[in-house]
Amino acid sequence: MILRNQYLVDIALTGKRLDERKADEFRKIIIEKSPLEKPEGSALVKIGTTQVMAGVKLDVKEPFPDAQNEGILMVGAELSPLASPEFERGPPTEDAIELARVVDRTIRESHAIDLEKLCITEGEKVWMVNVDLHILDNGGNLVDASCLAATAALMNAKLPKYEDGKVVWGEKTNKKVPLVCKPLTVTHVKIGQNLFADPTEDEESVATAKVMIGTKDDGNICAMQKGGGDGFTFQELEKIFEKSVELGKQLRKQL
Amino acid sequence: MILRNQYLVDIALTGKRLDERKADEFRKIIIEKSPLEKPEGSALVKIGTTQVMAGVKLDVKEPFPDAQNEGILMVGAELSPLASPEFERGPPTEDAIELARVVDRTIRESHAIDLEKLCITEGEKVWMVNVDLHILDNGGNLVDASCLAATAALMNAKLPKYEDGKVVWGEKTNKKVPLVCKPLTVTHVKIGQNLFADPTEDEESVATAKVMIGTKDDGNICAMQKGGGDGFTFQELEKIFEKSVELGKQLRKQL
Amino acid sequence: MILRNQYLVDIALTGKRLDERKADEFRKIIIEKSPLEKPEGSALVKIGTTQVMAGVKLDVKEPFPDAQNEGILMVGAELSPLASPEFERGPPTEDAIELARVVDRTIRESHAIDLEKLCITEGEKVWMVNVDLHILDNGGNLVDASCLAATAALMNAKLPKYEDGKVVWGEKTNKKVPLVCKPLTVTHVKIGQNLFADPTEDEESVATAKVMIGTKDDGNICAMQKGGGDGFTFQELEKIFEKSVELGKQLRKQL
Amino acid sequence: MKRLDGRKPDEIRPIVMQAGVLKRAKGSAIVKLGRTTAIAGVYGPRKLHSKHQQDSNKAILKVTYNMVPFSTDERVRPGPSRRSTEISKVIREALESAICLEEFPKAVIEVQIDILQAEASTRVAALNAASIALADAGIPMKDLVSSCTAGKIEDTYILDVAGKEEDVTFCDLPVAYMPREKKITLLQMDGDLPVKDVKNVIQLAIKGCETLYERQKQALKEKWVGDLEDTAKALGLSNISGGKD
Amino acid sequence: MKRLDGRKPDEIRPIVMQAGVLKRAKGSAIVKLGRTTAIAGVYGPRKLHSKHQQDSNKAILKVTYNMVPFSTDERVRPGPSRRSTEISKVIREALESAICLEEFPKAVIEVQIDILQAEASTRVAALNAASIALADAGIPMKDLVSSCTAGKIEDTYILDVAGKEEDVTFCDLPVAYMPREKKITLLQMDGDLPVKDVKNVIQLAIKGCETLYERQKQALKEKWVGDLEDTAKALGLSNISGGKD
Amino acid sequence: MKRLDGRKPDEIRPIVMQAGVLKRAKGSAIVKLGRTTAIAGVYGPRKLHSKHQQDSNKAILKVTYNMVPFSTDERVRPGPSRRSTEISKVIREALESAICLEEFPKAVIEVQIDILQAEASTRVAALNAASIALADAGIPMKDLVSSCTAGKIEDTYILDVAGKEEDVTFCDLPVAYMPREKKITLLQMDGDLPVKDVKNVIQLAIKGCETLYERQKQALKEKWVGDLEDTAKALGLSNISGGKD
């Protein structure tokens, strides 16, 4: 284990990657739209060997007291024990909570969903959008895959029928969840003095720091989150911001 | 421990039992009806050294949305640490959950309780029947003892007074919980190639498989549950079905 | 550890104390009133090195069914891991629960708060008084410090504005929480045959028994709680009662 | 003074005490005070697996007080509450000094108590049952611990407060007592009374403990006589008929 | 008789089975019965850290059945329920005798099953997927375990009860079966039927298991052929083009 | 531009910082930014009992951020929330590289932070307090970690966003910074801003960190001077009067 890690670090220190990608190159991405019939929206995203299934469930609820005419967004994540021998069943771990909250903030702060359009009766009934991220296979960079899956699932989500104050499950209407933009994150890690986009699980295991940047279609940044025990210099962050906006544009084309 | 288990297996392989019962014979059963005054119904059942106290509590609740004119049945079980050094305080274990769910299904699927008669105002108020099984002493075959206790407690349960939208605790009426039939389970275990009804705790500890059959007064089967790591052949099950219906009739006479 | 404990016991057996106090003498007490601006009431109490912060939060709730015209009192306590290497984050421990319940009973049974005056609309809206005790530094005798802090915080608590069925946080009125008396506890421990008031953490660690006496301004006893594995003789208790009433009077003067 | 349920001031509700009511537990007992019914079982001493919890000088005593779901008017949710956690603690602290824990270093003795029916004084019934169950389990003890509540209504001190008396008593004061050592090992109080009254109430409660102490000893005696007869029968020394189930 | 969804009485919904669908898990499989979709992954055998749980004679099998939040009409709260706890238990007990656990003393084998979409017979889909995933992980097994439900509507015995049939069937009876040993390792039933009918329903379910057994073996064969081709390619023995992602 | 509470754009709310405020903790500090009040305590390094969690190369750092029930308008339920779990994580990751963890293999260092009063920037107050408490505990550190938020309202970059500004700022961006190493160890953002603005906001936040850094050092100095005087007194080298309580 220690030898293997040393080997991974040695490669990274030369600026190279085990899979021969460039430092700012993503692995192959496959997006399956609507692989499931029951949820209102769904998407399966693969980045390299990482697999994330996103499901969107809609339901009608009372609005929050401080947002009487707005729908509700909730994002949850489960690191299924399928995905890694290190993931265990049980209450959500720190990592699962952070993942869900970073995806949540990226969508929320970008105002991607027009929540006012999800109001049925002000102060009484609004649509609640539950986005659940189910991590099936951990090959690294779970946040970017999750955010891609969440946005892809929201893009194909349709409201179910709502009649006589009740949701009629199984009968989808043609009305889409009102999506204004396509928020995505781009993750970089730091190994030695080098920065790598879209890290594999191996790269993550030897990285000393990590930063996720949420971007919008217009190139604005809508969320940031630093991880890992080490820090970044301001100059490193400048470089990462430019790269993240650029890579975000590339990813967005695949949606 | 291993020696003792080997001894238990050796006896069973000859088709005999430590307590000299026949393979299809139950231990002595004692049923104390209404041993407690506070619950709406109660029964203490002893099978050999096994002791189970069942309590029935009634309360008025809103009906479920998909059964607006029906009362509600709930069955819970607690393996009290009194009953065995292996039972511990804490959230219900797998075994306690299975026990409660098998008893629940046996009562529910037999339609023993006429739930429609427990409706007070359609869509608004119905009686909720809580059957709680409290295992006091584990001498084996907890499911059959629990199901006997549940049925016996239901048989003597009376509705409390309900006035001005409130339950008046402590004042029981003459109205009984409407019971249509007397569902019971019969448990068999398999040791080697031999089958034994009403297993003791010792027999259970060396059995490789177990099967509980829920039966009604008319001889119909209303629930089944296989336990243990091993399986049964179809021919073994055929034998068990006939025996279970027969033994169920015998047990029912004691109620 | 064992040697240190033996030393502590040896001193106590002579009737003396490490800090040279008399057996019935409290350490220096400092009461900071309203150290916080946000809660409706607050107090920081130091007894020796023990520090407890009490906060009073008010909110409007439905009354309990059996007390339709009365406000609600709730007391909670958290032994912050700040306060001792032995306190851990997590659900409240046995000690935290006992502490909160003894303070709760002392306040409740003394009828210190005139709960009827906290009724807004009978059967519909009443003030709920949440007293939370946050233990910051454990130097022993947490219960007396907590009860002092709770009473001090209640003494300076003011109702927030209540308008159009909503609490307007941040706008306090001049109306005080109606306080009828000032309940306090006095704690004694037993080491060997000697009794000591206001024990330090060291003294608590070698004491075999403990008793907390809640008293009112009129000298009446309103709560008692014995702790520790050993017992008291009736004669010892008689002595403790007299001392507790007397010490309670002294403490009350500092409020 | 006649009490609401017709009892005399110093009269305890009808008492039932029986030892050895469970087979699997090492010791057990059932105690009824009126309708209040507690059943206690004892396991151990056995080695404590968790080294972190072990005490190298004595056995650890664990006590759990638990209300079964059908013990009260409204169904109780299973699992520990803040109330049951506190009661478990004071019962444990009432029993600790009665048990010769120092004879079993690194061990644990577990006392489980289920309240089957609750109508006032459940902790008192629990403690009396636990004490009998410990003795029935053969755990070496310095004395039995007995427990009783007392209170005051108007000018009268009353024993074993129960039923509607709970609404009018000036205090509810449970005591646990070891008669041989004259030690009070549990003492709680809810109420509002001058010191003088508190003392008198405690003394009445101690009187109640002494009464219950005799009944506890009797329950144990009956169990031991029963055991002897069983042994005699097993050895063929007796001609008493009738089988054990 | 034509069934509500047009199937013949002994016809199973459209079946999809695929082995080796995950990279990280040692073995994996996805199984679809109609819309019901289960994905299973296997880790181990690996040493059990907790000595308390170890069995010195054989490996411990742990099975978790889990519904993902978006698998049903109303969103499911994440985490175990009473229902999922029971299903995890019966699936484990259905698999245990098929696995050569005694080859791995003190070890643990973990089977995780996520239900991605639920529309009847989720435990059956879960069990079929788990069985393939165990074989895909190279865990030594005596036989594959196959599973199917059967029921009875009016006078007709039907296989693989699904959809609106659940409301009109006299019983819902899932069976797990090891065809080579002719052993029934899971048996549950909700319903109300005479013994004769129960027997007939079980026999129909066994027939369904035998059909699914063939599909399980086929899914494994396809995976192994794929693996062989990958190896051949890696060794330069093949000229098949196209890369693995 | 005048801010809503009258501050200049680059002005931080009134600052209070004090080290060594608790006796029992090895190190402690209280930090106030306006009304926001955080108190931090440090225990360790001590040996980690659970071998499973130990790291043989360095100490494990544990950080818990906790809101006390009366810290906000509506009472907070005690216990961890998803929010507090995330904040605990980012604070820990902001501190890790500042502490010489490799000096204490197999050990644990625990940092507990209670928010006594919450009015914007609680994580920033928490982090500043934790950093002082670690130094007060004598834990070897490469540098203190300082933390501050910044934002942008209309055309103005503002430091230490607070109060009603939270509703109108284009972003809320907390930064943690180690001035000596010029490293950013915490970076989060909620908002919607072009890259250029984000950079400017970060640079302003760094300026805020540098200001707070000086205050942290001053708080530690005051504590150490106090300790020296205590020692001097204890040794009889001082004639300063007044006793310690």
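Every chain is named by a letter (A, B, C, D, E and F) in the order it is written, and numbering of its residues begins at 1.
One rule holds in what follows: contacts are C-beta pairs under 8 Å (C-beta built on N, C-alpha and C of every residue); 3 or more make two chains touch, one makes a residue touch a chain.
Note that the coordinates shown come from a computational prediction; the quantities given were computed from them, not determined experimentally.
> Among the other chains, which touch subunit A and subunit D together?
Expected: no chain.
> Starting from the Cα centroid of subunit C, hunt down the chain whose centroid lies farthest away.
Using the mean of the C-alpha atoms as each chain's centre, the farthest one from subunit C is E.
> Sharing more than half its contact pairs with B-D, counted by residue number, which one of A-F, C-D or C-F qualifies?
C-F
> How many angstrom lie between the centres of subunit C and subunit E, each centre taken as the mean Cα position?
Each chain's C-alpha centroid was found; their separation is 58 Å.
> When the C-alpha atoms of subunit A and subunit E are each averaged to a single point, how far apart are the two points in Å?
30
> Please tell me the distance, in whole Å, between the geometric centres of subunit A and subunit C computed from their C-alpha atoms.
48
> Please work out the Cα centroid separation of subunit E and subunit F, and write it as a whole number of Å.
Distance between chain centres: 52 Å.
> Can you list the subunit C residues in contact with two or more other chains?
In subunit C, the residues touching two or more other chains are 92.
> For subunit D, give me the residues that contact two or more of the other chains.
Where subunit D is concerned, no single residue meets two or more other chains.
> Considering only which chains touch which, label the overall pattern as line, ring, star, complete or other.
Contact pattern: a closed ring, each chain touching exactly two others.
> From subunit C, moving on to its ring neighbour subunit F, which chains come in turn until the ring closes?
C, F, A, E, B, D
> Hey, which residues of subunit F end up touching subunit A in the complex?
So the residues of subunit F in touch with subunit A come to 82-83, 85-86, 88-90, 93-94, 96-97, 173, 178, 181-195, 198-199, 202-203, 206.
> For the complex, which residues does subunit B have touching subunit D?
Those in contact with subunit D are residues 28, 30, 36-39, 42, 46, 48-49, 51, 53, 55-57, 59, 76, 78, 80-85, 89, 91-92, 130, 132, 134, 136-139, 169-170.
> Please give the residue numbers of subunit D that touch subunit B in the complex, ascending.
Residue positions touching the partner: 22-25, 28, 35, 37, 39-41, 43, 46, 64, 66, 68-75, 78-80, 110, 112, 114, 116-119, 245.
> For subunit A, which residues are in contact with subunit F within the complex?
Residues in contact with subunit F: 92, 94, 97-98, 100-101, 105, 109-111, 208, 211, 216, 219-234, 237-238, 241-242, 245.
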